[in-house]
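One chain, subunit A, appears in both complexes that follow, with subunit B as partner in the first and subunit C in the second.
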Partner chain A sequence: MLLVIVNGLALGGLYGMTALVYNVMYSTSKVLSFGTGQFAMVGGIVTAFVVLNLHLPLLIGLAACLVAGGLFGWASEWIAVRRIVAASDEHLWVLSTLALSTMVQEAMGLWWGTDPTPFPRLIRQEFAGAWDQKFWFPIVFSVVMAVGLELFYRRTMTGKVFIAMSEDSFAARARGVATDRMRSLSYVIAGVLGALSGFAAGQLTFADFSLGIGLGLSGFIALALGGIGSSLGALVGGVMLGMMIAFTDHYFGAEYQKTIAIGLLVLLLVVRPQGLFGTNRVRHV
Partner chain B sequence: MVVRIRRAGVSRRRVVQGIGAAGVVGITGFPAIAETRPIRFGWIAAVTGIFATNALAQDYGCRMGVEDINKAGGLLGRQIEIFMRDSAADPGKAVGFAKELVFNQDVDVVGGPLNSGETLPTLNVVAGARKLHIIEGSIDELVDPVKYPLMFRGLNTNGQWLKVGVNFGIDQLKKTRVAIINDNTGYGVLARDAVIKVLAGRGLKPAYTATVDANKTDLTDEVNKARDAGADCIQMWSNATGFQARVLNARGEQKWDVPVVAHPTLLQEAVANLLTKRAYWENAYATGYKNALLDANDRLPPLTQGFLDRHKDTAGPYLAAGISAFLQGNGAPLIYAAGVNKAGGTDAAAIAAALETIPVIETPFGPFSYSPTNHNGYQDDGIVMMVASSGKNNGWRAAQVA
Partner chain C sequence: MIRSITLALGIALVAGLPFIAGNLYYLHIATMIGVYWVLIATLNLLVGFTGTLSVGHVGLLAVGAYAFCILAGTFGWNPYLALLAGGVICALLGLLLGLPSLRLPGFYFAMLTLAFGLIVSELALAEQWLTNGSVGLQAPEFPAPFNTPHGLYWLVVGIGGFITWMTWNLARFMWGRAMVALRDSTVAAQSVAVPIYRTKLIVFVFSGFSAGLAGGLYATSQSYITPDAFVVNVGIYFFVAIIIGGRGLILGPFVGAAVLAALPALVGPLAKYGTFFYGLVLLVVVLVIPGGFGELIGGLAARLRQAPHKHTSVVPDLEKLRHAITHAHDYGNARAGVALEAEKVTRRFGGLVAVDAVSLELRPGEVHGLIGPNGSGKTTLLNLISGYYSVDGGAIRLGTRELTGTGVQPRARLGIARTFQTPKLVRALSVLDNAMLGGWPDVRSGFMETAFAGPRPRREEREIRARARAMLEGIGLGDVLGRRAEVLEHTAQRFLEIARALTMRPDFILLDEPAGGLTTAEIATLGDIIGVIRDAGIGVLLVEHHTDFVFRTCDRVTTLNLGRIIAHGLPKDVSRDPEVVRVYLGA
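Up next is the complex of A and B:
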């Protein structure tokens, strides 16, 4: 049973990190990018390539992973968001982010191959059951990421600008904030964090080109559960979803796993549309 | 009527001559020019997408099969031209390409698609155009000689794999408390039901069954539950390398040396690469093919070795999927060639009738024998059990338990 719980927590940590990445991009652009799960996929594959194929040290692998994530994040904003958001109030970013996500996945599949490949062990350790690093890295990283983001939002000027933009982008611009540059920066940060989640959970997921779409969906469910905009909510939503999946698997089998996960989302959206930690915004007219 | 013909510049005499010529052609058959054009071989292979590793090898095997035939002078003096379409593992694309091949390109035969999920929706398209169809999907239910008289299977059936695998566990390993762990794809669920059926035929019930998400990140829970249920053998049915590796990792990490019997994917190095320790690949057996068995001198059978020797300069990159995938694709043009040679032409019905009467078609992939009531063809004795970790020189050792 301990393994079931730890596995659920690890999955929840990965989903929570993905939800946090959604939040970072949403704060400055009001876009829920369909490419969010692909950051982890790119991070995992780049790390595996640098460490296992090029035989370079793990730290260089980590650096390459973060750089690749940041570049992908920046490109996402530049290609799939900036002009689309500026040109239309409709939610056309759904199509543009989905298209970019699909293109990146196909490109990685062509380059890396379609079979999952190994991911390096991050520290020297024999397999240690429930205490194995493959479970604990995503759990620890998710907590550190959530705390770090909260500190970033509260203690840094850039973080405060992100919050200002999330509340009223036009007012922020009127007060002299370079909103385009801030949005671009937020996507770079999101890309770095997303790639980091792929690094943390790589031993669980392997380096797999098909990871992104499923992870993006699970991360979105975690985000909706916890409430869009809340770091704590993202983490709690991720853990709830991960534990729900682990226990459903354990007691009922995987046939019901997706039904229960999606059912949970629908139920929550009906009962509490703003999520567990979200707030209802009142628009003054 | 007369006025219209004259306006078009055609005289009454030319019309009469034309009708006469058409009559002659109708009586004697097509003019010689139609018999010298290349034979058009439609080929649907998902060389991108989730099945790409296997499909690339199968595609290469097909192209080399056609190359061998063309180098030997072609079929009835005609070269074969491949019309290859990449369906990207998308059934919708497979159907679109099947339509394009049979109606627009007017191919003489369609080979593929290379998996059951894509094959199923293409059956009616190819049958509706009355074209010969050599399918490469393994699900038993695809073949129906009454409904699709021009369709033949160029592969073994899934049932043949399962039967050999389950019987190996019972008869050779002497294990009767079987745990079935399969993924939740259509293939995995069908395989689970088929294993249960084969076990029932031997008077047994599974000790434990688990249908698991193919991408589930850790399978320790399922492996522990199988052990708690008293299982003494795991039948693992999934063609996903990650899934198979996770079962073996969980088994190894739990220090439970229970034998695992599985789908041929287990033979691939791609599975071993995902294992925490390579030793976890031991005590694992997969269904395979007699024509990929190594002899005492680590040599493959002559037909297989001959194929590899002929194509040794280009085959390298495609061997990652295992030689069986390679030879599967090679079978389709060879089966078609046998039918054309026996029929003496490319008429689909005549080739079908010919294939049903050829006693055995020997291919590097294995022997095929069709009849009017059986279009499956692949012979049971072509399937053997192999030691998963014994791969060497593109072949494997037979699983022989003392």
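Up next is the complex of A and C:
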């Protein structure tokens, strides 16, 4: 039973981190990127490649993972978001981020192969079970990431600018904020954090090219559960979904994971569309 | 004439393809294109017309395919019945998915449909007792003569042709205009009483039905189905086909569907890169030509056809306009003759009280001016009356009828029309189509009735077209009927909005700064038009900053400051009121 709970918390940490990544990009651009889950996929595969195939030290693997994530984040803003945001047409950014996400996934599949491969152990640990590092890494990283982001939003100028842009990007611009550069920066940060979540949870997910779409969906459910814009909500939403999936897995089998997750999403949409910690700002059309 | 010849040639080509193709493999590819088309044709209504992105249609395709195999194969139903049942099941699933999510921003719907696509293949693997798991199911054949490759091809072409005909009907009558309107300008669509949520839901359910049919046809033409045939990537293919072909066109996506399906099938090595390639094409098209090739070609053709653009002033024909307004009213019931009333309405934004216990009565056949400094609450009051904002206190009434809790659309249906500070037009539609949108409250034809082009939608189309045309000719836009609304000059856009409002046969019309950006001569013209509207018995609420114009045109004037009424009465009194002079007019 302990194992099920720990597994749920670990999955929840991963989903929570993905939800946090959604938030970072959403704050400056009001775009929910379809490619959000792909950052973790790229981070995981790059680390596995550097450490297992090139036989380089883990720290270099981590560095490569973060650089790849940052570059991918920067590229997604530049390619799929910047031009679209000006047109302010939701229809288009859903399509452009979906297209880019598909391309990256397929390119990784062609290069890395379509079979999930094991991820390196991060620290030496002889025993397994509930205290296994594959569970504790994502849990610890998600909490650190949420706390770090909150400090960033509250204590730094850049973080405050992000908040300002999420309230009213137009007004922020009128006050001299270089909104394009800030948006670009936020996507780099999102890419780095997303890749880091892939690094932290790599032993759970394996290095798998098809991870991104499902993870993007789970992360979005965590986000919708917690409420868009809330870091605490992201973690709580993530843990709720993770627990749900871990227990389903244990009692009914892995094949019903997604069905349960979606059921939860539908229920939420009906009962409380703005999420647990969200303000009632969901724009009804 | 050219059109019917092209149509006849096209039909001959499609029907005769089996004799030209020669090779059974090519014929199979052609059949598959047809199968995909059955799905894409209606998905195009959802994506291209209403702008709602369903990522998981492949899930519906899968359900349709499995339903067909299980019902016709395992349970031995009649194949035609099984095919229909698959469509009905998918329509119900569409309803189930759409009900909670179509009210929310589009990304929620996209994610939910994506999720649905993922679940279906997950369950198809898991529920072995029903689906035979990863081994898959044998698909039954249709009875003769549709059990040969040729026969099946013709069956698919027949169903595809029929579905295409239905989508074409939906696109060319009022429903088509409503769909494009809610895609391009939700606000404008609401103002003519288009039900946003319900329209999206109906279109999604319809596209679910045809996706289910496509699934059954898919199964029988592949003769064997497994869960891995329905990966989410197939959904990307549907999108690319639609977005390449161009949104808002009926046949455009067909070209995309055919080319994209044929390429990897004919060029074997390409198949591996297929999905990457689809992603690339989708990205490039979205970035470079968001309207797709169809819209690009259409736009170029329109530019070639039109005379070079030169400045023309809008010259109304007031006699014609008067006649058009009176005649439009004969069409339906007589005017109610009651007043539109706001009683002590209040609206707060956070701590700011934008409108504070304001009462206002708008009578039929009078022009009521609403003036005041910027931020005094004029537009907010207008939004409260037309239903775009809800009141925090007070009541809105039409005669004895309580409107307070209702939304925009019911009020529009009751004859309250409005225009906007910045004109809200449907830019992709023509001037005539934009004005015709005003006829939506009179449309009684249902969705399916329109799809089958019954007599009622045809009659309504004729009547609304004639009414809108008369309004446009009266207001001075008679020679730009076919031009796209987005290329109109500012003044013409303002007048087009008024024509759209008048096409609604309103009892009241609320004009939000209609003189903004107009020249002195054009403002005088506007004054004449408002005079005609008033004389026809319509109540006009005029929010304006051109005070001379207001005092000249209006029968009564109300002045707001900081959300409160500071003066109210006849123009000559209000214009001399010391408080009005102090805060607004200036000495």
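In this text, the second predicted complex is superposed on the first by the 274 of 285 C-alpha atoms of A that agree within 3 Å, B and C clash if a C-alpha of one lies under 4 Å from a C-alpha of the other, contacts with A are read in each partner's own complex, and residues count from 1 in each chain.
As a working rule, contacts are C-beta pairs under 8 Å (C-beta built on N, C-alpha and C of every residue); 3 or more make two chains touch, one makes a residue touch a chain.
Owing to the predicted nature of the structure, the values given are computational and were not obtained by experimental measurement.
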Could you tell me whether subunit B and subunit C fit or clash when both sit on subunit A in the superposition? clash
Is A:3 touching the first partner subunit B, the second partner subunit C, both, or neither of them? first
Quick check for you: in the superposed arrangement, does A:270 touch first (subunit B), second (subunit C), both or neither? second
Answer with first, second, both or neither: which of subunit B and subunit C does A:196 touch in the superposed model? neither
Who does A:205 touch here: subunit B (first), subunit C (second), both, or neither? first
Partner touching more residues of subunit A, whether subunit B or subunit C: C
Determine, under the contact definition given at the top, whether A:48 touches first (subunit B), second (subunit C), both, or neither. neither
Pick one for A:129: touches subunit B only (first), subunit C only (second), both, or neither. first
In the superposed arrangement, does A:255 touch subunit B (first), subunit C (second), both or neither? both
Which holds for A:114: it touches subunit B only (first), subunit C only (second), both, or neither? first
Between subunit B (first) and subunit C (second), which does A:106 come into contact with in this model arrangement: first, second, both, or neither? both
Subunit B and subunit C contact sites that coincide on subunit A, given as residue numbers: 106, 110, 214, 253, 255, 257-258
What residues of subunit B sit close enough to touch subunit A in their complex? 48-53, 184, 210-213, 215-218, 220-221, 224, 241-242, 245, 253, 270, 273-274, 276
Which residues of subunit A touch subunit B once you look at their complex with the stated criterion? 3-4, 7, 10-11, 106, 109-110, 113-118, 127, 129, 132, 134-135, 201, 204-206, 208, 210-211, 214, 246, 249-250, 253-255, 257-258
Across the complex, what residues on subunit A touch subunit C? 32, 34, 79-80, 83-84, 87, 89-92, 94-96, 98-103, 106-107, 110, 213-214, 217, 220-221, 224, 253, 255-259, 261-262, 265-266, 269-270, 273, 282-285
List of subunit C residues in touch with subunit A within their complex: 51, 53, 55, 100-101, 103-108, 110-112, 114-116, 118-119, 122-123, 125-126, 183, 186, 196-197, 232-233, 236, 239, 243, 272-273, 275-276, 278-280, 282-283, 286-287, 290
